[in-house]
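Structures for review follow.
Note that chain A is present in both complexes that follow, paired respectively with chain B and with chain C.
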Partner chain A sequence: MHEQLKPQPGRLDRDAAAHLWRRAGFGAPSALVENTMKLSPVEAARLAVRGPKRDVVAEEMESIYAIVRGSGSLDTIRGWLIRRMMSCEHQLREKMGLFWHGHFATSVRKVTDLDWMCRQYRLFLDLGLGRFPVLLDAVTRDPAMIRWLDNETNRKGSPNENFGRELFELFTLGDGNYTEKDIQEAGRAFTGWHILHGKFHFSAGLHDAGEKTVLGTTGNLRGEDVLKLALAQDACGRFLAGKLLRFFVEPAPSAELEAALGAEMKRNGYDVSATLELMFASKAFYAPSARRSLVKSPLEFVVGSTRMLETNVSPKELLGAFGAMGQELLAPPNVKGWPGGRTWINTATWLARINAAHRITREFESQRSGADACRYFGRALLGREPDARAQKAIVQSGVGTKDIVHALLALPESHLN
Partner chain B sequence: MRTLLGLLIVACPLLAQGVEAQPEAAHRLAALAPADAVAFLEMNGITPKVVSVIDSDLGRAVAAHPIVKAIGESPQLGPVRLGLLALKDATDHDLESLTRALGSREMAIGIYPSRTGKKQPDVVFLARVDGPATDRFLKGLPLIVLRRSSEVVPAEGGRPAIRTFREKTFYYRDGDLLVVASHRDLAKHVRDHVGRSVADTAYYQGARTLAGDGRLMFGAVDLATLRAVLPRPKKAKDLGAALFQGTLSERLYGAPFLGIGVDLVESRGQWTLSAEALVPRTESEGPLQASFGGKLEPLPFELPEHTAAVLRMRRDLEAVWSHKDAVIAEAGIPGLVQLETTFTALSGGMNFVEEFLPAFGKELTILATRPVYTALEAPAVQYPHVALIGRMTKVEGMETKLTIAFQTTIGIVNAQRAQQGEKPFLIAPEIYAGQVIQSARYLPPDAMEMSGMEGKGLPVRYNIAPSLAIVGGHLVIASSPELIKRLIDGQGKSGVLGGVNAGLWLDGTETRKLLEANRDALVAQNMISKGHSKAEAEQEVGGLIDLGRFIRRFELSVEEGRRAHGLRFEIVAAAPKE
Partner chain C sequence: MDIDRRTLLKAGLVLPMAATIPSLFARAAWAAEPGDRVLVLLQLEGGNDGLNTIVPVGHDAYHRLRPGLRIAEDQVIDLKDGVGLAPSLAGLRPLWDDGALAVVQGVGYPEPNRSHFTSTDIWHSASLDPSRRNTGWIGRMLDEESRGDGAVPGLQLDPGPLSLALVGEKTVVPSVRDARDFKVRGGDNAVARLEAAAGDAKGTDTLGFLRESARQAYSLSDSLERALDADRGRAGYPGSPLAQRLWQIARMVESGLPTRIYAVKLSGFDTHSLQKDAHAQLLRFLGDAVGAFYADLKKHGLDKRVLLVSYSEFGRRAKENRSLGTDHGAAAPVLVAGGAIRGGLHGAHPSLDDLQAGDLKHHTDFRQVYATILDRWLRADSESILGAKFKGVPFV
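Let's look at the complex of A and B:
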């Protein structure tokens, strides 16, 4: 095994525990961070990936799912998803929902059917920590995805290559691991994969049953066969591992690390949970260079801040702010999803983040004040106290605890993961 | 200053204990107040009314309600509770005995331009009080506000001496008269009876004439003076807003004064709180006022069963359209041009301005009813059924053109929905009691859409079945053909809700039942918005819906009289019948 994938020795300190929960979730309240400090990295990774025995909040959110779905309101559905991120105890499930939403980026703006979008996001929540082939198969048959990638128009004699192209480029293999011919032939394999009455329908009469050659294999290939062929490529493990590493560990992982995690992933049958457990316990994950090396997405910033401050903000009040910050749920910018990283921050989105921070702190209440508040909430938000210079500036600038917390949220470190 | 003045105002009725109420006496206080008040509010015998409410079934039921109790115990009200404790320390009265001691006669508050050029106005408060209790209270004030004594110092000589508290509040007591002011000159003016008083002013006298005598509360506002500092009302942003607001704000802005009257009466366990704000009618009304003016005829339909709300207004649409530049902001005009061309196109060539508007009468009504569904057809979230009803002056030839407009519109909507893969409407006209109802419905949901939704209700779009008919000389556009059928059943029966220029009527029971039908959706919203657990959300939503049981009726109307125009508000509440 690659040295960097071996478990980090010892027990977690506060900074490491806070780091784990910021990455394997949206951030944790102080009590959870302190409890995790007693664990080894392997134990902590297992806890984060497998979650609590019972997630009562998730069960309650499930109990209103039908109403949310039936509301026909995009804001209500978005609010429901954000509330889940804020409150559900099995945080990684919610985080993986967001990860897969970015991976299989589909927008309501084109799909237009809210119910389909709702059902697609459910796939990410329900299957996101399982085996990737199962999720891939479900997404391929998902009405929202079929509409999004125009597969409704993909028929024998007039193939639409969109789905085949994105399947290879964005979902499984990545650039350079397939040819244009593979795309064309894969497109033919997915002819007739349509929607009828709101669900997947295989239109046999519109399917091209002729011989095709995809990724070096020739035969009367159907869509399912193309999925298997893609998953059989080493590039698939490497591609998915690279995406997971860039989302959860560091912005530019080495090719060796990607290959090593990819190989592990392929070996374990693309078991997402097993791969994540390995990754969250690894030396690579806890390396000093990995800490605070990622830029928080707007959702990570806002949801994480409310969780770490243990305060409450109505998700609906922040929906406009998410638009201004560049991350609208169910409406990623294009098929590639949110590019993330440094693109999250520019002059406009930074201002929007500061305004969102103001909204988070507007009704914030605490018995703490002055330097004590600065240190305490600094630890909660950053995993450590702000340095002396920052503390002095923050305490001097703030007239009350709200201002102090707002200033803490405006620190660049608060936007780094 | 505000804290202290607020404390004094709260405590003053207590200080008036033992003095018999003398309604109609408050205006005598106006004779003491300096004349340059921009607003003057008088209260006569208000405290016995408050005590009556507290002692009533309604008062007891409200006080015992869990939501009200929770509000009373909320941390946000901590400072208020501390203040009341301090009040008890200083005066030997807790909140209950303080409230029961409310036997005051008259109280008045005058609002004045700032004596020091500040933005914040100055205030004077006058009340008839019990002398010894007042002295005891005033002595305790520094202890309540500052937790230390000896802060009250003499500010002005003369008799009686005016004292000050932190140079921000000035007061004196002269027999049973207590005067508290935010500026020493105001207190001095009252004490020394310098110059004219509020009672001598034309605006106060005019407002009294309008509001009439015998009101529980009476207010007079000098609009002529305020006009110098108040911004002119903005034009409406679109046609809907223009129709809704009418010329009320313009009338208010242009009037010399405003009279306000408030009453609270009890009858057979029902309490009615009503308020009126009146401005004098000007000699000549311009064409703009005329297009929004006049009195509504009674609605010539029996209100359908389960009517939750009715909004009515008398508006001459043709005249309003011709004055659109005067009442609608520039940004809203392109929308009107689009409305005109779109309507003309959709109706197969019926000109909106030259044919449709002249055929439209001067009365618009929006009616909302609580829908009653069978279990199988109920949407998960239930909107009220809504109908827009417009009186027509010419029906002949209109029905065909309006049918074309309706069917074309639905066709265009269907084309757009088809492009987006959304479910289409099926146009399905109905004949009911010999009357044609144009209607469009959604087809039943498919199995996939209902998977996982069994027993949870239909998707939200099933609230809408656009419908149109001409019923009894009225164009009715509704969100459900069922509502039109109820109107057909009720046409020509007892007319209601007439005699005013515009009005909103709400039925408390039906509104509560509508909320009750959406209880699950409201609970879900509460959980999402507030992060509450399901149990907490159910308790809060249930509590709020339950509170609605106290409200029987709510009315808000714009009225026109020979002498005055006004806004009238009325709310009827009662303890719910178990």
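Let's look at the complex of A and C:
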């Protein structure tokens, strides 16, 4: 195994524990960070990936799912998803839901049907920590995806190659690992994969059952066969591993690390949980160069801030801010999802973050004040105390705790993950 | 900034102004030099159907290829030489009559890539080499001329992520959805406190990047608010988001902001099915917005300072598909607007009888358009920015 994928030795210190929960979730209250400090990296990774025996909050959220789904309100659905991220104990399940939403980026702007969008996001929550081939198969038959990539118009004799293209480019292989011919032929294999009464429907009469050659294999290939062929490529493991590494570990992982994790992933049958357990225990994950190397997404920033400050803000109050910050759930910018990293930050999104932080801190209550509040909440948010210069600038006479916390959230360091 | 200060700055003898004095005063250093030329990039996202934008007139092949989507000849706005504007682009008619509209036909690049993302990246990076697509052509230009005076070099007006065209190695180009959304909650005092807490330490790492972005955000916020204070000239614009953004750009140019590059986008051009009405509507947004923008600039004597260029990642297949739409294609026209350009048709319409894998062939490389803009409009060095010398197109 690649040296950097071997488990990090020792036990977690505060900074490492805070790092783990910011990445394998949206950040944790101080008590959880402190409890995790007793664990080894392998034990901590297992806890983060497998979650608690029972997630009571998730059960409560499930109990209102039918109402949310039937609400006909995009804001209600978004609020429900954000509330899950803020409150569910099995944080990684929610984080992976968001990861797959970005991976299979489908937008309500084109799909329009809210129920379909809800059902698609459920796939990410329900299958997101399982085996990738199962998720891929489900997404390929998902009505929202079929509409999003125009597969409804993909018919024998007049193929629409959109799904075939994105399947290879964005879902499994990455650009450069297939040919234009592969796309056209794959498109033919998915002819007749349509929707009927809101459900997947295979229209045999519109399916092109003829011979095709995809990724070097020739035969009367069907859609299922094309998925298998894509998954059999080394490029697929590498591509998915690269995306996981860039989302969870570091902005520019080495090609060797991508290939090594990709090989592990392919070897374990694309078992997402097993891959994540390996990754979250690894030396690469805990490397000093990996810590605070990522830029928080707007959801990571807002949801994480409420969790780490242990304050309660109604998700609905913040929905408008997410548009301005550049991350609207169920409406990613395009098929490629959110590019992330430094692209999250520009003048506009920075100010939107500062204003969202202002909103978060308006209802913030605490007995602490002044320099004490600055140090205490600084540590909760950053995993360590803010530097002396920042403390001096933040704590000035007459400035209340709400405004101290607002300034802490406006520290550039609070936007690093 | 005066020359002495610039020289000292370069020699490392003084700090950048914004690092030493509050942003409110730094703004004084932003005064635009009179005659500074402005470039507006207008991206048509999704692959605009060039064939139904600049429509062939008197070609049987067009009607054969487009039985369902063709635009009748008596409807097009004749531009002579066998082409016409789609009727929904009527808003551009006054520009054409003024010689302020140039149509560069048959623009593309060798071995066209039909992925939206890859082709957009090719256009924005101006690189056919996949390993050299980390920066954009405008970002590299801004890197080269980096003025280091705290001025905002370029501005994207769009809710989406920053266009790769504007990404540089050193330059941070901000992006706003609406220039008036820029107001920091918490009062003036809050801004000073937040700015001080953020710190001014420089650095190329992610933290340094965040600090620089924060600093820019706070200082730009105030000046934009002033430029857009009144509704001046707004009545002449349609209500579309594109038109409203162009109105804001006109006001920012008028107010003397030294920003030379603006980028806007019109999305929805990926018309795989039932294209006709949807495409006409998009062109109407485009033509009416650019028409209003030009009229506004002209009225205020600014039209000769601004060049707008609209482009798309690719055109669409010549033959319509069976969903009454069109699939991803290759060559397409680039439209250039401005009071100081050489209007008219540049280059012939690509032949409909000599297609390449069903697509129109390009005869003008998109980097020739860029070279023209860089060398003759922005007075930059296209050879170093594009990595090669490209022959210009005489629209400037």
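The working rule: the second predicted complex is superposed on the first by the 415 of 417 C-alpha atoms of A that agree within 3 Å, B and C clash if a C-alpha of one lies under 4 Å from a C-alpha of the other, contacts with A are read in each partner's own complex, and residues count from 1 in each chain.
Methods note: a contact is a pair of C-beta atoms (placed from the backbone, for glycine too) under 8 Å apart; a residue touches a chain by one contact, two chains touch by 3 or more.
In this text, all values refer to a predicted model and were calculated from it rather than measured experimentally.
K.L.:
In the superposed model on chain A, is it clash or fit for chain B and chain C?
P.N.:
Chain B and chain C fit side by side in the superposed model.
K.L.:
Would you please give the vertex angle at the Cα centre of chain A, with arms pointing to the Cα centres of chain B and chain C, as a multiple of 10°?
P.N.:
80
K.L.:
Tell me which partner A:S289 touches in the superposition: chain B (first), chain C (second), both or neither.
P.N.:
neither
K.L.:
Please work out whether A:Q367 is in contact with chain B alone, chain C alone, both, or neither, and reply first, second, both or neither.
P.N.:
It touches nothing on chain B or chain C.
K.L.:
For A:L416, select first, second, both or neither according to whether it touches chain B, chain C, the two together, or no partner.
P.N.:
second
K.L.:
Compare chain B and chain C by how many residues of chain A each one touches, and report the one with more.
P.N.:
So, of the two partners, C touches more residues of chain A.
K.L.:
Which value in Å is the smallest Cα separation between chain B and chain C when the structures are fitted on chain A?
P.N.:
10
K.L.:
Help me check something: in the complex, which residues belonging to chain A touch chain C?
P.N.:
Result: residues 150, 153, 155, 157-158, 160-162, 165, 169, 175-176, 180, 251, 292-295, 323-324, 326, 333-336, 338-339, 342-343, 345-352, 354-355, 358-359, 389-390, 393-394, 396, 399, 403, 406-407, 410-413, 415-416 of chain A touch chain C.
K.L.:
What residues on chain C touch chain A, complex-wise?
P.N.:
114-118, 130, 152, 156, 159-162, 172-177, 181-186, 190, 193-194, 196-199, 206-207, 209-211, 213-214, 216-217, 220-221, 272-273, 321-323, 325, 327
K.L.:
Mind listing the chain A positions that touch chain B in their complex?
P.N.:
Touch list, chain A to chain B: 57, 60-61, 63-73, 76, 79-80, 83, 86-87, 111-113, 115, 147, 197-199, 312, 314-316.
K.L.:
Tell me, which parts of chain B touch chain A in their complex?
P.N.:
Going by the criterion above, the answer is residues 379-381, 420-422, 446-449, 452-453, 456-461, 520-521, 523-525, 527-531, 533-534.
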